[in-house]
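As structure tokens, here come the structures.
Okay, so subunit A shows up in both of these, paired with subunit B first and subunit C after.
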Partner chain A sequence: MSSWFALLVFPGFLYALPMGWLMLWVERKTLARLQSRIGPPFYQPLFDFIKLMTKEPLPRPSQENRFYLFLPLLALGATLGALTLLPVLPHSFSLVGDLALFIALIEIAPICLVLLGFLSRSIFGQVGAVREAVLTIASNLPFIAALIALAYASGSLRLMDIALHAPPLARGLAVLAIFACLPIKLRLNPFSVANAEQEIYQGALTELDGWRLGLWELNHAVEWVALSGLTVSLALPWRSGLAVLDAAIFALLSLAVVFLLACLAGATARLKVGQASRFYWRWGFGFALLALAVSFFPFGG
Partner chain B sequence: MDVKPSLFDRLVRYARGRSPWLFHLNCGGCNGCDIEFLACLTPRYDVEQLGIRLEGSPRHADILCISGPVTRNTQAALQTIYAQTPAPKVVVAIGSCPASGNVFADSPSVVGPLENFVPVDVYVPGCPPRPDAILEGIVHAIEILKAKVVRSAEGGTYV
Partner chain C sequence: MSILDILADNLRQGVVTLRYPQRVPPPPNYRGLVQIQSEECVGCASCAYVCVSAAIQVTDQPETYTWSYDPGKCTFCGRCVDACPTHALQMQEERPPIYHQAQKLAVTYRMAYPRCEGCGKPFKVATEILRQRAYGELSEQTEQLLRLCPTCRQKEALKLMIEARRVKEATQ
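Up next is the complex of A and B:
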């Protein structure tokens, strides 16, 4: 299938938009049910988006304005690009070495967030940017180590080959390590340190208003689809070959991942930045090291 | 001038009414209203059903919930925060203090009432008002928010 289909239809724009909103809703609804609340209605993320996009933007210096348009758009585009590379359908668009491209694209949004925080010249934005930078490094250590383990174990840098041919033990450990990185990459409790809404007023997002915030929320929704999708598509060792069935299984399992993450977020309280990064350096990296060891020294293979 | 609103305008208004985000500001009150306001955001009242979210930054907010009689110290912050909130926006005065100064009236450090500085859309009287009353005030505010023009070009101006 062509790259345009992957970018614009599945698993790209047309799929990611409603799915991202659905995921944001599942997260909020799960949290509400865990707190014995009814929670927001089904279409809530869509209405939030429409409202934000139609608010009157505040006047800003033109230099700042340019960055405030450019950075959320860059983040959104990069995340959509990463999503395009997900190995969902067996004959979908893929490149040699798209694993490296995926890592590069998925890391652009956090970098944009750090830049937005520093550009805001607000103390909350800057504290949020510093925290985001520290945690990005901490979470990427196990994330990238796990992906390297998978690539080595399956002998390929192509995501589709990795998804289909990784040996089970290395795959299991690596997928666990990747899953453990999701709460920090999606800025969820207990690792919602960089966007802590109580103590630093959502950090780098403090100074975003109207459509600038709307674009960022959209990027966040697409991030949900991309990261939960990565976990699911790497965890599944087979594809049925029927595109509709594969897509449906992928969507359902992605939603299950979102549900698990929301349960974790609802059951925990926010850690300090030091505790969060220590957790990843110690435990997350431990998992990833195990995956690396298993893939470099396969047992019985 | 009676023009039938377009489908887009109706959608925007509906979306706006279903997603009011609040910003909470204490302008020198005794904290009583703030406690009631926060009680109104607890799981017991579950305002998220109405799409309401408490935001930390005025730039994200649609409805400003202001308590306190407006003291000399908070007046400048109040005006900055009002200016930082993107239009369309609605102001809800929580408690009796922003309306009249209440027990702080005629104090040398009080420069209120609130309407001297920002236009107030809804008053929720009480010392402090119950969470149910605050919620009712916010629902009134949502109606006012929905009635605001969708685009400046429509002929109206954002207030």
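Up next is the complex of A and C:
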């Protein structure tokens, strides 16, 4: 299948947009039910987006305006690009070494967020930016180590080969390490330190308003699809070959990952930045190291 | 109680929030929209003076004054109600309605200053409550004086003093 299909239809734009909003809704609804609230109706994320996009933005100096347009758009484009590379359909478009490209693209949004925070010249924005930077480093250590373990164990840098051929033990450990990184990458409790609403007013997003925030929220929705999708597509060693069936299984399992993450967020409280990064250095990296060890020294191999 | 127990309890208990337009009834002494009884108001503008969010404004014209209130700016602090010397202000005990247009609930009252019983000119009067608070029980004569504008009141008081002196001199 062509790269355009992957970018624009599945698992790209056409799939990611409704799915991202659905995931945001599943997260909010699950949290609401855990807290005995009704929660929003399923179309709420879409309406939020429309509302943000139609709001009259605050006037800003043109230099700042350019960055506020450019950074969310860059983040959105990069995240969509990363999503395109997910190995969902067996005969879909893939590149040699798309694993490295995926890591590069998925890391652009956090960098944009850090820049947005520093650009805001607000104390909350800057604190948020620093926290985001610290936590990105902390979570990327196990994240990238787990991906390296998978690549080594399956002998390829191509995501589809990794998904189909990684040995079970290394795969299990690596997927666990990747899953453990999701709350920090999606800025969820207990690791929602960088975008803490109550303490630092959403951190780096403090100064975003109107369509600028709308674009960022859209990027966040696509991040949900990409990261939950990565976990699912790497966890599943098997593809039916029937595109519709594979896509449906992928979508359902991705939603299940979102549900699990929302339950985790509902059951935990925000950690301090030191605690959060210690967790990743100890536990996340622990899993990733095990995965590395298993893939470099396979049992019986 | 661990967080898991709390979550289990929450799930068992089900949803406790309401779907709009249902709303939880407000508690007693709830501070809702500010309302004015215009016949009690004397236009002193104390309410506007204490209102930090400038939700109440009182503007003076020669014969009338306007009292306006914009709930969109109001923080429902109740300071205006406390400050009003004539108890002309109250707060509704119901929740304000939800509205979609700015200024929809804003109200403006235009009130005429009472006229002087002597010359007929409009003037700021001290209401019954204020008079009682300042002077206690008043004689009929003082009551009459207070219904005059300051100029007429001075003239009338002067007349009364001269009259009294004349009576005093005649009796001596």
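Structural remarks
In this section, the second predicted complex is superposed on the first by the 301 of 301 C-alpha atoms of A that agree within 3 Å, B and C clash if a C-alpha of one lies under 4 Å from a C-alpha of the other, contacts with A are read in each partner's own complex, and residues count from 1 in each chain.
FYI, a residue touches a chain if its C-beta (ideal position, glycine included) is under 8 Å from a C-beta of that chain, and two chains touch if they have at least 3 such contacts.
The shown structure was predicted, so the numbers you read here are calculated from the model rather than taken from an experiment.
Superposition of the two structures on subunit A shows subunit C clashing with subunit B.
Contacts of A:202 after superposition: subunit B is touched, whereas subunit C is not reached. After overlaying the two complexes on the shared chain, residue contacts for A:54 are found with subunit B alone; subunit C is out of touch.
In the superposition on chain A, A:62 contacts neither subunit B nor subunit C. Counting the residues of subunit A touched by each of subunit B and subunit C gives the higher count for B.
Once the two complexes are overlaid on the shared chain, A:268 sits against subunit C while remaining clear of subunit B. Of the two partner chains, subunit B is the only one touched by A:210; subunit C is not. By the touch criterion defined above, A:40 reaches subunit B but does not reach subunit C. Once chain A of one complex is fitted onto chain A of the other, the partner contacts of A:28 are limited to subunit B, with no touch recorded for subunit C.
In the superposition on chain A, subunit A positions 35-38 are in contact with subunit B in one complex as well as with subunit C in the other. Of all residues in subunit A, those touching subunit B in their complex are 28, 32, 35-41, 43-44, 46-48, 50-51, 54-58, 124, 197-198, 200-202, 205-210, 213.
Within the complex, the subunit C residues that touch subunit A are 3-4, 7, 10-11, 13-19. Those residues of subunit B that touch subunit A in the complex are listed here as 11-12, 14-16, 18-19, 43, 46, 48-49, 51, 55-57, 59-60, 62, 84, 86-88, 150-152, 158. Those residues of subunit A whose C-beta lies close enough to touch subunit C in the complex are 33-38, 266-268.
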